[in-house]
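Look at the two complexes coming up: chain A is in both, with chain B in one and chain C in the other.
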Partner chain A sequence: MLDHPWIDRFASLDSPIHRFDPRAKAITFLFLIFSIVLLSAVKLALVGLLTSIFFLALSRLPLRFALRHIKWVSLFIIPFFIVMPFTVEGSEIYGVHGLKVTYEGVEYGALIALRALSAVILVLPMIATTRFEEMMKALERLRVPSIMVQMLIFTYHYIFVFGEEWERMWRAIESRGFRLRTTLYALRTLGRAMGMLFVKSYERSERVYYAMRSRGYTGRQRTLAEFNLKRSDLVLSTLIISIGVILHIIQMEVM
Partner chain B sequence: MREAVTTRNLSYSYPDGTVALSNINITIHEGERVAIVGPNGAGKTTLLLHLNGVLESTDGEVKIFGKNVNEAERSEIIRSVGVVFQDPDDQLFMPTIFDDVAFGPMNLELDEDEVRRRVKNALDRLGLTGYEERCSHHLSYGEKKRASLAAVISMEPRILVLDEPTANLDPKSRTELIGIINELNREGVTIIVTTHDINAVPQLVDRVYVLNRTIIREGTIREIFSDAPLLRENHLEVPEVFKLFEMLKCFGYNCEELPLSIDEAIKDLTETIGTNGGHIHLHIHEHTHEEMEKVKHKYRYDHH
Partner chain C sequence: MVHISDGILSTPILSAGWAISIVVMAATIWWCEKRRDLSEEIPRLSVMTAAFFIASLVHIPVGPTSVHFILNGLMGVVLGVLAYPAIFIGVLLQAFLFQHGGVTTIGVNTLNMGIPALIAGAIFRIPVGRLRLCEVSTGIVAALAGGVGVLLAALFASLTLIVTGRQFFEIAGALVVAHTPIIIIEAIVTGSIISFLIKVKPELIGLGRSQCET
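== the complex of A and B ==
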């Protein structure tokens, strides 16, 4: 069995964020993410990061699960933090062999890292606390174009199907004595297997399309869902939006 | 009886020019149970896909309840003909079973209450109540198969087309699925299946078409199973019970019609014992060996 990368594995926990209406959740968290990403003062970005951590804690998602997702994105953030101090012009704080670390560089690097990290952290309480299909229905109710929602649904579903197909192929390859090494032969075999997966996927997509047409699919898609805004949803929404707005008001005052 | 499915001179070639179907003429009446059998690559699936207009013939016509599939309103055909695909992974794609089973009814633009009613019925019927929020990629093959049938019967089709319904199922799931298909048939649904599961044929259908690019033969199960050369040419076989009783005949067992299923065998044995004063008599006579070799030879594929 494939280790499914279930982003919604912990969607059935209970927390204020889990109980939050998916539509309100999507909108308010996106708003907060954008307001933090658009901050230009390091101190405020730090507040943004703390806010994100607060919401992550509030969502009661297991720390290991959160760290696992944050870890990978961090790999993209860290290079900025390393490169920026050397490349941004400004007052030197440390120099070595003609390379100088500038105060502005450190500040700018920190700003980028803080904002990116906040955004990544906030995505978790936004997405991982709602079952995937509920989030899709929420997007549909929010009038996100149907074709985009459908693409997300298909992608999500067929990641598992193709993952399993690939696993089956790979097992068959390995059980005939193949070991992956860095030889040209091994790489060629790997390439062919991947090519085969594409062909199989293409053929499957044709069968899936037939099956969908057989059930009357015409390109439009509707699903059934019931969403009701509760008072607590309004309170939480107001809180999240306010944080975003206040951060920017403070920023205007400071600058 | 109304004609449910009629094809006239139906032909189909793949885009590369390979002929898949040629000159297919079939007539299936409402409420009938019919199997389409034939070797691998005979065009069985291709034929099924024509029955609801998903594939359009290059030549000839398909009529559903007298309406030409290519001319009628698509939704009307879809409403009448439900197709269950062989691989449930091709059929199930929505995030939850509920959405998958609701997908067809939603496309028929039924109102919400009706959609919910149909989903509930379909899931009940297939023993999938409680599976509403599960996602298909975490189910077992048997469950997926049932879910894909639920996803089709929620559209309440008058004609149910199933491609290899019993393939890859464990014996329990297989028996249950056959039961459900027959239950639907008793409610008036016309059943059309393709299958290689020859032991399931007597349980599933009354009439058989042998397809090998074109219709080779049509007949009752008994007519088809009694034609050994036809079976051999089309890579078919008869049920084991049928063979066993043919063997018993070599030992002097008297039976006019060879039984097609265990139930028929029991009936036949009971009757024979009854008319023979409480027992059956088997013996080896001078031709037993010779006749048995003939029967064995008739059904063998492993020597030439």
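== the complex of A and C ==
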């Protein structure tokens, strides 16, 4: 049922993006994502998409892995791509039974799709090329509040634990003949099973937390990774930031 | 579907989403930190966030299609005001790990699910805290809170689309209609989860222990 996300499965590969300092990586890629998503010209958004694909290729992440992650957002974007040509006002290029397809609508649909795809693609070189623990330590160094970093870490790990726990529980329920339908009985049973998941999770979390505390956990992240900004990090950061800035300068000149 | 993805919303809405979410998070964390040591709360919060994450992946068959849970109402009922930062973490992880929703829309999506969660929490806490209701009526109040949570989340999401542009009017309408079965299903499930928890582990919903709001 649960697809293991394992976003950092390919973090041990080697590429310029993998060697990029995690702190710089987080900031510069976030900047690039925002600047591409905020573009309003289709041609520039296309450049944005090509840039994203370039960085994905540079990161040497396997294509199948990338496509699996991109699949989801496409499901959300397709309805917009289909509906926009009909709902945006503008010059008609094709009409059937009072419904008209407008040029502006097609362009707007394409703009949405391009921006969404670029953002999703850029997330991969940003997140999938660093081990999760290192990224968390980078966030802490970037002064993200400790409560946020700790919650991210705990939640991330518990997602896997509870995913498996729930699968076990569900197998047990189904092996006793339960089938999930939309009846009051089935939904109430499902609710009690979920309640049990919460109880089990809660008790486990207390045990784990006290075990961690007694071993000296203070909330600070300790990993062996040390961060040093090298010259190559500065070059790559400058490159990424200037792509974002240049795209917006061109946009201002055009409009 | 309440997760709006990147590339759709306009810049003012995205910025407003981030600004409001950051302020509300800072306020809720500050509010709770004043009352007790939050470092003890982090495991409980994270566990509930993770469990909410897993439970929201469960698909329920409805006619030919299936729907999945949002459970923001339940979060509000269980976590009180801390539901807001918890939902932020959930939305953030979903955007980065599963590519559900978007990166730039994390702020807006948290707002769309978080504010309804706070309202659902209030719907549950205010009568139940004051009146010491029995199990059955607590379940009914929780069901109401769960249903309201989803209803408002769907309304908020479609509202953000409508404010972005007139061209999203039809999609926004479809979004609300598509959520009607989830509202009913989630109300029933939230009600049964809470009446179960009250019997088995009342401290998990903060009843019978010193609580954030009281």
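Keep this in mind: the second predicted complex is superposed on the first by the 212 of 255 C-alpha atoms of A that agree within 3 Å, B and C clash if a C-alpha of one lies under 4 Å from a C-alpha of the other, contacts with A are read in each partner's own complex, and residues count from 1 in each chain.
The working rule: a residue touches a chain if its C-beta (ideal position, glycine included) is under 8 Å from a C-beta of that chain, and two chains touch if they have at least 3 such contacts.
Nothing here was measured: the structure is a model prediction, and the numbers come from that model.
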{"item": "Chain B versus chain C as contact partner of A:L187, first or second or both or neither", "value": "second"}
{"item": "Partner chain(s) touched by A:E133 [first = chain B, second = chain C, both, neither]", "value": "first"}
{"item": "Touched partner set for A:I240, first chain B, second chain C, both or neither", "value": "neither"}
{"item": "Which of chain B and chain C A:T87 touches, first, second, both or neither", "value": "second"}
{"item": "Touching partner for A:L111 - first (chain B), second (chain C), both, neither", "value": "second"}
{"item": "Chain C versus chain B, contacts on chain A by residue", "value": "C"}
{"item": "Which of chain B and chain C A:L32 touches, first, second, both or neither", "value": "neither"}
{"item": "Partner chain in contact with A:F154 - chain B first, chain C second, else both or neither", "value": "both"}
{"item": "Contacts of A:S214 with chain B and chain C, given as first, second, both or neither", "value": "first"}
{"item": "Set intersection of chain A contacts, chain C complex versus chain B complex", "value": "153-154, 156-158, 161, 204, 208"}
{"item": "Complex interface listing, chain A residues touching chain B", "value": "4, 131-133, 136, 153-154, 156-158, 160-161, 164, 204, 207-208, 210-218, 221-224"}
{"item": "Residue numbers on chain C that touch chain A, as the complex places them", "value": "1, 3, 5-8, 11, 14, 29, 38-40, 42-51, 53-55, 57-58, 60-62, 78, 85-86, 89-90, 92-93, 95-100, 102-104, 166-171, 181, 185, 188-194, 196-197, 200-201, 204"}
{"item": "Residues of chain B that touch chain A when the two form their complex", "value": "49, 52, 54-55, 74-75, 78-79, 82-83, 85, 87, 89-91, 93-96, 98-99, 102-104, 106-108, 112, 115-116, 133, 135-138, 151-152, 155"}
{"item": "Complex interface listing, chain A residues touching chain C", "value": "1-3, 5, 7, 30, 33-34, 37-38, 69-70, 72-73, 76-77, 79-80, 83-84, 86-89, 105, 108, 111-120, 123, 127, 145, 147-148, 150-159, 161-163, 166, 180-182, 184, 187-188, 190-192, 194-199, 201-202, 204-206, 208-209, 219"}
